[in-house]
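Heads up, the next two complexes both have chain A, just with different partners, chain B and then chain C.
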Partner chain A sequence: MSHLPSLVFYAMSAALILTAIGVVTMRSVFYSAVSLVAALTVVAGLFLLYGADFLGAAQVLVYIGGIMIIMLFVVMLSQRPHDSMERQTNDQWFRALCLALVIGISLVRGFRIFINQMVSTVVPVPTSASLGRLLLGDMLLPFETVSLILLAALVGAVLFGQDKKS
Partner chain B sequence: MFELGPALSHLFQVMRSFATSHGVSPVLAILISKIIQTNIIILLVSLVPMLLVYAERKVSAFMQARLGPMNVGPWGIFQTLADGIKLMFKEDVVPSGADWWVHFMAPVVAVAPVFVCYAPVPFGQGLTPVDLNTGVLFILSVSGISTIGILLGGWGSGNKYSMLGGLRAAAQLVSFEIPRVLSVVPVLMWYGSMSLRTIALAQQGRWFNIIPKWFIFYPVIGQVAFIVFLISSVAETNRTPFDIPEAESELVAGFHTEFGGMKFALFFLAEYAYVFLASAMATALFLGGGDGFLLPNGIIPSWIWFLLKTFAIVFLFLWFRWTYPRLRVDRLMQFCWKFLMPWSFVNIALAGALVLVRMR
Partner chain C sequence: MTLYHGLALSGIVFSIGVYGVLTRRNVLGILMSIELMFNAANIALVVFNRYLHPGNLWGQGFVLFVITVAAAEAVVGLSLVLAIYRNLKSVYTENMNLLHG
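Then we have the complex of A and B:
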């Protein structure tokens, strides 16, 4: 019973890897998008499993409730029969594979160092209050900068979306 | 007089100690009792829609000077049960143009998050299934997954009407989720917590011994937040006047045109469960949860108060449906982005000012 959390973790990781592979190998664009939804849900579950309750809820709210729905929206408007005819790789697949392997190996090696430094037995505490204090306290400047950039992007989108004649 | 929460927890304790005294390991006993508790919630969520369907048919009938279902049982109270049995035995028809997997998954994805969403709802004293620290955010975010189910249904049916319904649903639900989240923010700011139970408990007490200290009675911020929350909840549950994803006169039945039998029933279970959930949320956030009024607390137990208030708001939902005509698509979007959104931002600013005043 004591290794129930790690069992859940491995099950979720397996599901995450499977769905992530599904995103890049599925022939239909719609299937890939749905697979991405599943992958992001599992990531939110992993966040929750390790006590990041706010991050998990925000992940579902923003990625699944917002971004993925818009993505599916776009996919639904695109035509169906053509996407299964397209090739899934282009001529640079070997170079891309090498690059992916290098990044993957360096990530694994990097995390190895961190894992040894981390304290493994931390009791998860609710994070939303401390996150809020951090965002509006020590991290106020970066937080406001990011919101300003997002506002600029919004205004820009409105500007580009306007009718040219008016 | 009779509080359900302590009685239930006592019952579970007795059952657990009985199990452990007969050689079941304590961890297993806790696990099994959790599973039983989860099943109680699932049963509740499955039964509430049956009640609401009956209520909807009766309310609509009375509003149109009809009687509604009368034949199955006294006053037709077993009508929804009969309908449910009928839907269960119907043939599962999948159109030849449909994608079998997506068609199959759509109702499942639409209905599964509903059960999870009921976890942090405080049904009364000691009746909160899981007191989540991020309760409000949890409900708002997880209920967003159901939109994916609607999209799957719209795409997987291989039908143009379904597709249009799905597209409309996506646009509408994504848009109205924003004012809905923003309308809750003043409540969270005022009580400094995202747990529904804490918020409901914080609203106990009276001003001048008469007016309850519910959030809806706070001047301006309470009423504006409540109205925005109510309107966007009606839109989030795809009900008239915001039912353009399934507009019968334009889209046959929208995203669930090609669904029959149990699949159709699951879509409707999700819709009615969300109506009840939105009402329960409004009760906990704005109407003081299980706090009674007029009568001193304790005469009527808190869970009955909670259910009474929730059904009062459910009645509002039904009333809207049979009173207002459907909005046009562009008007709907304009209403959301140009009216609800700015006013909820103004409301947040006002609430912030009030919080500052309180801190002085």
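Then we have the complex of A and C:
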């Protein structure tokens, strides 16, 4: 039974990498948005696996329920019939692939300093209550600031969204 | 499933996001790749919080702020994409080379 979390982790990692590759390589933008929904769901599962239960719920509610729905709306509003015939990548894809490989390999190799790191073996406990206490305690200033950011985004979206002629 | 495995997964997903940002012609595809990079950073924060500082929750609180700011960014970005599409009738980046529509 002790292997079960590792097995779940490896299955989720494989699913996340496959869906992420789908997001960046799918020909149709609609399909890559659906693939991104799958990737975000797997990330929510990873949060749950690492004991961050509130973050898993927030990921499903905010990302999948909010951001992705808006994104799918915009994808469907801005698609034209001949889009599916056009190439979706630019001419620089080989250089971009090399750069992404360099970044990925250096990140993965750089993280090797943590292989022998002493890690805590404390069993995670549900975090919602203590996270709420942290947000309204030590993190009160950023918590209030982010509400201003949300208000500014709301006003900005209305401003950019309205039709100039009307 | 150790600290290193979670961080390596985060690095791999981040580099896939970098590839998507650099190669996509469609603005919506670029925005989606940016969301992928946010999520890679979030995974790294949660993994650090779980294995290095399990007693306090600052890493998870930071992830909440990242999710909030990502929502704000997506809303403004998508309304900008719609405004540009209304003017140019295109969502491809090579057509967006003028500052005034």
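FYI, the second predicted complex is superposed on the first by the 148 of 166 C-alpha atoms of A that agree within 3 Å, B and C clash if a C-alpha of one lies under 4 Å from a C-alpha of the other, contacts with A are read in each partner's own complex, and residues count from 1 in each chain.
FYI, a residue touches a chain if its C-beta (ideal position, glycine included) is under 8 Å from a C-beta of that chain, and two chains touch if they have at least 3 such contacts.
Nothing here was measured: the structure is a model prediction, and the numbers come from that model.
On the superposed chain A, the positions of chain B and chain C stay apart, so the two partners fit side by side.
Of the two partner chains, chain C is the only one touched by A:89; chain B is not.
Looking at the superposition, the partner that touches the larger set of chain A residues, chain B or chain C, turns out to be C.
In the superposition on chain A, A:46 makes contact with chain C only, while chain B stays out of contact range.
Residue contacts after overlaying the shared chain place A:66 against chain B and chain C alike. By the touch criterion defined above, A:76 reaches chain B but does not reach chain C. Of the two partner chains, chain B and chain C are each touched by A:58. When both complexes are overlaid on chain A, the residue A:126 reaches chain B alone and has no touch with chain C.
In the superposition on chain A, contact of A:137 is made with neither chain B nor chain C. Measuring only between alpha carbons, the smallest separation of chain B from chain C in this overlay is 13 Å.
For the contact definition in use here, the residues of chain A common to its chain B contact set and its chain C contact set are 54, 58, 66, 70, 75, 77. Chain B meets chain A in the complex at residues 25, 27-28, 102, 105, 132-134, 137-138, 140-142, 144-145, 147-148, 151-152, 154-155, 163, 166-167, 170-171, 173-174, 177, 181, 194. Listing the residues of chain C that touch chain A in their complex gives 1-20, 22-26, 28-29, 31-33, 35-36, 39, 42-43, 46-47, 49-52, 54-58, 60-61, 63-65, 67-76, 78-83, 85-86, 89, 91, 93-94. Those residues of chain A whose C-beta lies close enough to touch chain B in the complex are 1, 30, 34, 37, 41, 53-54, 57-58, 60-61, 64-66, 68-70, 72-73, 75-77, 126, 128. For chain A in complex with chain C, the touching residues are 5-6, 9-10, 13, 16-17, 20-21, 23-24, 29, 32-33, 36, 39-40, 43, 46-47, 49-52, 54-55, 58-59, 62-63, 66-67, 70-71, 74-75, 77-78, 80, 86-90, 92-93, 95-97, 99-101, 103-104, 107-108, 110-112, 114-115, 117, 119-120, 122, 124, 127, 130-131, 134-135, 138-139, 142, 146, 149-150, 152-154, 156-157, 160-161, 163.
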